[in-house]
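What follows is a set of structures to go through.
Below, subunit A partners subunit B and then partners subunit C, in two separate complexes.
Let's look at the complex of A and B:
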């Protein structure tokens, strides 16, 4: 049953899933080619100056990719469920309703994790070859809030789409914008180093929002 | 749960804001019966279906399906309930093979022959997605899936919505034959009452805030008649037996559960001269209009 539900999610979103996967790979290739060109044209000394003295982050093109992909995947997955209240079909399946939503979440989070991991591995390999260990750790700490924001965006899109009450939809959207904005306050590398655990706490707190939306849908709130 | 009652709704009360939809609504659906819910727009048909499906929490009261509260059905009970959502909603991104494969995983008694028998009637490319099908074709897919699920209770919300006469007849014939042969319990709504007449055993006619009538269709059509006679335009006020009288150019038409002889006596006593009174049998649609009024 679980496999069938995941199959349905794949059928629904495979075009978006493959598209974001391809865009993610293209983006990484672009970043690597661009940096490789800089190595050759300006030299490593210049790049080092940019990184250390001017506090520039070399992978900043990745910044909005996680939230953009999460937004697209979330919409592709949950928007069709609210057209004609199609979510009723899933909730009527002979599975506990929370499990149905959890499986839908698992699919989306799983796809995002794969796409994000592909980028992370590419970044680790590229950075490991070209930069010292400390730089790589710093890069990971810098991009961590962006990727956590990606997962939070996905959870918010699910909650907003599944929410039956328009006023609450607007409130959740405003909350989402405010919370996600906090993840992009600073461009300074590793700026969130000391508060990264708080971002994970935020992620955990957003997790049940979609379940509350489904509960309200079940109660017929309008 | 009462003997053989698959569905029991007890003291249902619901309001939208301050507007009362109904108060203390009670009804049951016995095993093996096909119950049609009829009512004008805004009388609470969809509200009732939503409560029954667990997609609306009533202000008070409860609906039991197989003895479980419909708001919290167990997976085992959901397996016994086939649900057709208004507009024959299904997944438009699947084709008929994919959707059959998908649903078959959830139902151990899956009867794929029932599904494919209906699909043979569709003149479609097997790879055609549901999004590219007509409303009638989609209705056949949705019905085929429910029949393959082999549920004990079928809940069909406005099954005739968007269907042309051919598909409506096909839908009713298939459903009727299946439900009667397998002794299935069916709860159905439709805005096309002609279709209901060919399908249902019992009817529940709703008016604003209450159930007007709940009996077998046969009994309704036997007991409830239309009468016509020439009148002089007198008022029918106080005559409880006379329902929805209309007088146009000296010809009066009304509906009643009373026998013709009793009506003649009552009308004569009230000052009418019903010498040419005629009794007419009704279709279910006409009986519905007779009970609820034209407006």
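Let's look at the complex of A and C:
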């Protein structure tokens, strides 16, 4: 049953999933080619100087990729469920509803984790070859809020789509926009380094919001 | 499911405590007073410029005597600041108050130094560029490597991303032979080629001693500055002034400022008005006769004039505005959550609480909440009442809109 449910998610979103994966890889290749060009044109010493002393972040093109992919995947996964009321069918399966939602979550979060990990590995390898570990640590601290924001975006999309009342949807959307904006307050590399754990706490807090929406859906809130 | 609803309310409260005061500040904030002030070596008093809105013109005046000057007169009153204009007009004096003065002296001893708390509170990659300080060239050139310094010193070649073992060992030997105690607590320099010469780095070791590191003819130069043990350095700003009279400003953990002079690393305290290293801005406008020490905070500006030779305070000026009372921030909004400040590049939450009177507002909100609950025939939960009692308007709104 679980496998069938996951297969249903795959059937529903495979075009989006593959597109996200391909765009993620193309983006990393583009960043590496662009940086390779900078290495040749300006030289590594100049580039290192720019990174350290002028606080330029070389992987800034990644900034909105996590939330954009999370938004697309979440919409692809949950929007049809709501529009066509298919969620009713899913919730009537001989599985606890929490498990059904958890499986849907697992699929989305799993896909995002794979795409994000691919990018992370590419970044680690590229940075490890070209820069000292201090640069790599700084890069990881800089991108961490963007990727946590990606997961939070996905969870909010699920909660908003599954929520049955329009007014509540709008309010949760406003809450989501404000919370995600909090992850993009600064362009200074590693500005969030002392609060990254708080962003993880926010992620944990948002995780169950979808279950609450489903509960309200089941209770027939209008 | 109730716990999830409480979590939504908690998150919405945090967001409102951040956004509502931010919007309020957008509507109500006014700029602090940071007018131009300079200590006149002719009048021996602070002079300033203010804008007269009635007459729609700038008024240049002596702050002590209130005497007003024309633009040309003002140039003459502040010859150390407007010396280029005076020189251009052929009005530059030979002496000021019987002290002979020359443009050459002004050029070498005038300097501007700006410190912003953001200089200290900013995330940095611990990789440093050490220039050749005795290259014989007019222009500084990139050295072709960078170094890291924590438990040892290592030079890395950016082109290969590999450690230069020979150079690293050469420098490490000097560290081992000195009294330097690893790990290094802080490394401070001025890694720019846009300066006349290079004085390298000031390094705080594990015992709060300050060492001076330079590269001379490719060889390491490391010297203990014998900085007083009673002072705990928190931040160092290395300077390369034209007259080579000092190496750096040192800020300690009790908000005091010191100067490490080029006279065998002699340490001189620089008297400043009340100054918070982690919040305020400091500006030093120095000339051969006086150093203008300005501290700019959220409340305004305070100035000291120091004798350039003795560093003793000769005059002071306070342009602090009285702390403004804001009814909304004191009585309506129970607290204010901020993630960014003008004094730090780090994103960090900070909270500012209102006065106790805000509890009265919170009580009114509780009564309103109970009243609305009764009208809508909805049960009021103790959690909601406690939450509104603590968080006021920030708790009231989410409790109301996320009510089942």
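Remarks
We take it that the second predicted complex is superposed on the first by the 222 of 222 C-alpha atoms of A that agree within 3 Å, B and C clash if a C-alpha of one lies under 4 Å from a C-alpha of the other, contacts with A are read in each partner's own complex, and residues count from 1 in each chain.
Methods note: a residue touches a chain if its C-beta (ideal position, glycine included) is under 8 Å from a C-beta of that chain, and two chains touch if they have at least 3 such contacts.
Source: prediction; values computed, not measured.
Superposition note: with subunit A as the common reference, subunit B and subunit C can be accommodated side by side. In the superposed model, A:215 makes contact with subunit C only, not with subunit B. Once the two complexes are overlaid on the shared chain, A:189 sits against subunit C while remaining clear of subunit B. Contact with subunit C, but none with subunit B, is seen for A:179 once the two complexes are overlaid on the shared chain. Panel annotation: after superposition on the shared chain A, the angle at the CA centre of subunit A between subunit B and subunit C (CA centres) reads 140 degrees, nearest 10. Of the two partner chains placed by the overlay, only subunit B lies in contact with A:11; subunit C stays clear of it. In the superposition on chain A, A:92 makes contact with subunit B only, not with subunit C.
Comparing subunit B with subunit C, the partner in contact with more residues of subunit A is C. This overlay, made by fitting chain A, leaves subunit B and subunit C with a least C-alpha separation of 11 Å. The residues of subunit C lying in touch with subunit A in their complex are 1, 4-5, 7-8, 10-12, 15, 18-19, 122-129, 142, 144, 146, 148, 156, 158-159, 161, 191-192, 339-340, 345-349, 401-402. Remark: subunit B residues 50-51, 53-57, 71, 75-76, 78-79, 81, 83, 85, 87, 89-94, 98, 101-103, 105-107 touch subunit A in the complex.
On the side of subunit A, the complex with subunit C involves touching residues 43-49, 51-53, 55, 129-132, 134-135, 138, 141, 168, 171-172, 175, 178-179, 182, 185-186, 188-195, 198, 202, 205-206, 208-209, 211-212, 215. Considering their complex, residues 1, 3-4, 7-8, 11-12, 80, 84-86, 88-89, 91-96, 217-220 of subunit A touch subunit B.
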